[in-house]
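In what comes next, chain A is part of two complexes: it sits with chain B in the first one and with chain C in the second one.
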Partner chain A sequence: MLSENWAQQIVNVATIGGMYTLVAVGFTIFFGVLGLINFAHGEVFMLGAFAALVVARTLDFTSTAGGVAMIAAMFVFATLFCGVVGAAIERVAFKPVRRAPMLVMLITSLGVSFILREAVREFFPDGANPLAFPSPFQSAEIRLRGVVISDTQILLIAASVLIVIGLYYLVERTWIGRSMRAIAEDRDAARMMGVDVDRVILAAFFIGSALGGVAGVMNGLYYLSIRFDMGWVMAIKGFTAAVIGGLGNIYGAAAGGYLLALLEVLIVALVPEGSEYKDVLVFLVLILMLVFRPSGIFRQAPQKVG
Partner chain B sequence: MRHSKSFAFVAAAALSLCVTTQARSAEYSLAVNLPLTGPWANYGQGMYNSFKLAIDQANASGKLGKIKLEVIAGDNAGNTAQAVNLTTQAGSDPSVLGAFCCWASEIGIATHGIYQRYGLPVILGGSNDHRSSRPFHQDAVVFRNSPYDLINMKFAAIYAADVAKFKRIYLIDDNSAFGRTQVDEFRKFAEEKTGSGIILGRESIAQGEKDFTPLLTRLEGLDPDMIYFGGRIIEASLMRQQMVRLGLNVPLMTSGGTFSDTYIKITGDAANGTLASFWGLPMADYPHGRGLVFEQAYAAAKFNNPYEAFGPMAYATGEVYVQAIEAAAKAGPVTRAAVLEELNTREFNTLIGDFHFDKNGMPSVIHIAIYVVRDGKWQILYQTDPDATKLVKVAQ
Partner chain C sequence: MAELLRLEGIVTYYGPIRILKGIELRVDEGEVVALLGGNAAGKSTTMKTILGLITPAEGRVIFAGEDVTRAQPAARIALGLAPVPEARRLFPSMSVYDNLMMGAYVRRRKAGEEIRQDLKRVIALFPRVGERLNQNAGTLSGGEQQMVAVGRALMARPRLILMDEPSMGLAPILVDRIYEIVRQIKSLGTSMLIVEQNAVMALSVADRAYVLQNGSLVIHGAGRELLESEGIRKAYLGGAG
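And then the complex of A and B:
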């Protein structure tokens, strides 16, 4: 019989894994179409949370129905906003260096990351401070014996699963997905076959960044506070999850997210003073993966974006 | 003709350079080395604004005569390497008479020796780790505007072990120099009081981490009656929210890294029950109503950020420099050595009280108070007596 403590830890794995997955799928899309490790994705995730906060402050609903409408509005606005920001970043920052060595693109992504982070700190009202994130969900919790799960956690886990399924559908069954796969395979050949490469890459950045926006809103709703520098750690975790699963592989991103979360929880739950070494062990796994299995746990990727 | 034009241009340029240099040398400056951006910008901005307010007021009042003090805004971004560069820049700038640094303990530890090398007086704000202070090094230019952790943690432990009589305390730090030393000292003093049985265990978390539910789930099984966290605001806030969500309804005790209205704002109702030991008083409790006067002046200045928990001490630091420079100017040439001499010998009248620096650069006035969050506000429970020997209950 599973103890209450361990049952709660399983809920913790599902929640943390869901969050990592939401960020990791963005990394996997960018890598799939452009071979780019886009560290600015962490800041787009942060922008999603701030965009949702603007909506929440503007629409101050108090009733339950109003709360649901507010959350819907937060998701819609943050998703569109981040999608547009991501597309703009692609056009302004990445397109001009698309044919440059990969290191140039990597450094560009770091530069964009700094600019976005410090812009929010400087220009968002009270942006240097951690900010409370409003949520009508915060009081609703389900308690089964000693195990607690909130409706935000359920939403987060469901969102991560639905997004992975939706992305699979997009990549496999739609014109844009086929175009993305074609570009990932051979960009020049895709162009010769009539694929509008620029447009597809732009669309991929819109989609990946919009998903970063969803992750940012979920992060705000679950942790109830946001800050201008929240993106960096999540970017590192999302990137690690994507590498573990296999960069460019959507299912891999999900598997990597949940595996990373499982690893973190096991270390904390089983190893005395394990919290201190959690990140060390996680990044050790990252290094081992890069050295011994750089294509991730799914060597033969079942469904690749790239 | 062409040559004479060139000559005239060069001469004019040289002349303007002389004028600029002369104008610059007539001014004096104070170098700030604080986290104005980065993860601790909320504290750094509040400290910078408060410090600058004191200097601006002195400049406007004319009490410094012909001297106009300039505040050089150095942003260390919470980064030690950046802070070291700022320290070197300030040290090599002859117009700089004194510095105000660092907020983060690790930066105080990294920079005190550099300030000493340049003979540049520095007053530490925050930087609670004792290793940045005398007598733990011999750098005679280093002063503090608040007591260090050895004093603060002693009273935190007295409260936890003697007053509140917690018996099963779990310790968590944020793996920073500040957090680790806070927890080390808290543990030392608590075990001195009651023996080693009071501490159930210890963990370190990483700064920037957001999810502590795996750790807190494990701690639930250990049945602690208090969790002490040596760390900073965002992690403390998340930890408290997650404790409440998981039903781990025991007090979370923290210190100066968390004592802030921002903590309450972002933690919401879950903040209630949080304890903190802090080296400051409620604004209304500072002597002669100076806290309230500062509060009004800060509001009137319309800064973009609140003054935060360290604002009053930062303002007092500005007052200290103004009074030291004013006295130095009356006695002779205004130099770093003259300012240092005044810091070592004068009594200062400031917002936080009238005090002098002792032989280790520590202020002679010490306020340490134990606060709890009740009804969404930090409320003072205990404060040290005037000689800082014991905790005295504060009437509610």
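And then the complex of A and C:
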């Protein structure tokens, strides 16, 4: 039986899962086109939240209409900002070492991650402390048979679902999506078809990082507090979600994000003091996945044709 | 016949090793030319040089009247060059439809209608491929995959198709089928440069042929002549085919 309590938990899963999914999709896209686990992605997520904070502090949003405009401005600016940052990271940090052994790129991504995190701590006003994230929402709550959904949650759930649908369209139906998939499968064959591999990889970084930025704004709106080191935990969660779905598999990452959120909510609900352990659980899941199902829960070993 | 492709004194290196040692080759409009030779003779390197995956140290590549020696593959494909790569190199987890569309990639900004027409034409040529458009390319049989690879090249509306070992890894009956297709494409007026180890098969369809040995062209002649010349057969073409 689905009690009210469980229905409530599902709402929470949909909210948090949407954020995990958006971050996981970035990880899986970067892995697809470059074979790279980009640990700087968590910091791009963090920058999305900070970019939105700057917008919120700059603009005034006293009226209701102003609130809607504010939300839109926060998302648009953070998305574009993170897209550009992600593309710049690819050009400056990853492209020069693209032909080097994989470990070099991995360490490069850790270096970029440190630089971005410490830069925010040092140079953002009061950046070393948790900062209040202003939300234009009045925290209106809708009660549906005892299930409480806040207006923030409705927006976050709707936005993440719409973005995943949009991403599906982009990946399956557009030339940029098709060429991204082709590069992920066989970079040289894609070149033989005339694909400008450098440009498509750059576009992939823009898209993946922009989605990370969206998740950053969502995180701020939901928890109402952001911090320079919020990217680290999110990177592990997004990466775990991507691994659950199978690295390189975009739909797997989407499913993995919601699954991970479900696991977290379950442990909080079922285990006494479970909320203390939920991040530990994520690490545990990551380790178990990497040991026993490194290609994800959906797929056997990837098929290769000779 | 009008000249379509010309290689002038092509020299390439792989590290310090000289792979091609001054290749001179031409393919005319509507012509099928075979490039034969054993393992490591430089056949694949020649193909990669023509497509633009390797830039030669010396010499020029002229295609469709333009010097494309330093041009990117995309520019050459836009001029009418299309590869059927060695081992096919399909995108195995992508649908047959998406694989075919990748062949039209450089024309993506043109009218979609034109591309749809080309897709219809390819399906008419390979009905079996048409039945499997939504299937992943990796699930197809070897023969079907080769048809997708040829279909993908046709999606570029090519003037010259570069076929790299089209018979490799296929059962003899499928090799016959592939060469039937090659004849069909030839009858449509599209030029082809076919790299083959299966010399007899390639020569049966080629107007002219070159034999490559250790990075140099050692023989050049009409396809039928080479096929009938017993000495050449023994010396260079081996027992293949």
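The definition used in the following text is that the second predicted complex is superposed on the first by the 283 of 306 C-alpha atoms of A that agree within 3 Å, B and C clash if a C-alpha of one lies under 4 Å from a C-alpha of the other, contacts with A are read in each partner's own complex, and residues count from 1 in each chain.
In this text, a contact is a pair of C-beta atoms (placed from the backbone, for glycine too) under 8 Å apart; a residue touches a chain by one contact, two chains touch by 3 or more.
The structure displayed is predicted, hence computed values, not measured ones.
When both complexes are overlaid on chain A, the residue A:141 reaches chain B alone and has no touch with chain C. In the superposition on chain A, A:192 makes contact with chain C only, not with chain B. Contact comparison for chain A: of chain B and chain C, B touches the greater number of residues. In the superposition on chain A, A:233 contacts chain B only, with no contact to chain C. Applying the stated contact rule after C-alpha superposition, one finds that A:128 touches chain B and leaves chain C untouched. When the two structures are aligned on the shared chain, A:151 is found in touch with neither chain B nor chain C. Legend: residue contacts after superposition of the two complexes on their common chain; A:179 is shown touching chain C, with no touch to chain B. With the contact threshold set out at the top, not one residue of chain A is in contact with chain B in one structure and with chain C in the other. Residues of chain A that touch chain C in their complex: 175, 178-179, 181-182, 185-186, 188-196, 302-306. For chain A in complex with chain B, the touching residues are 5, 8-9, 12, 15-16, 19, 118, 121-122, 125-126, 128-132, 138, 141, 143, 146, 148, 150, 219, 223-225, 227, 229-230, 232-234, 264-265, 268-269, 272-276, 278-279. Chain C meets chain A in the complex at residues 51, 53, 72-74, 77-78, 83, 85, 87-94, 98, 101-103, 105-106, 108, 137-139, 145, 152, 156, 169. Residue ranges of chain B in contact with chain A, taken from their complex: 37-39, 41-42, 44-45, 172, 175, 201-206, 208-211, 213-215, 217-218, 220-221, 233-234, 237-238, 241, 245-247, 262, 265-268, 304-306.
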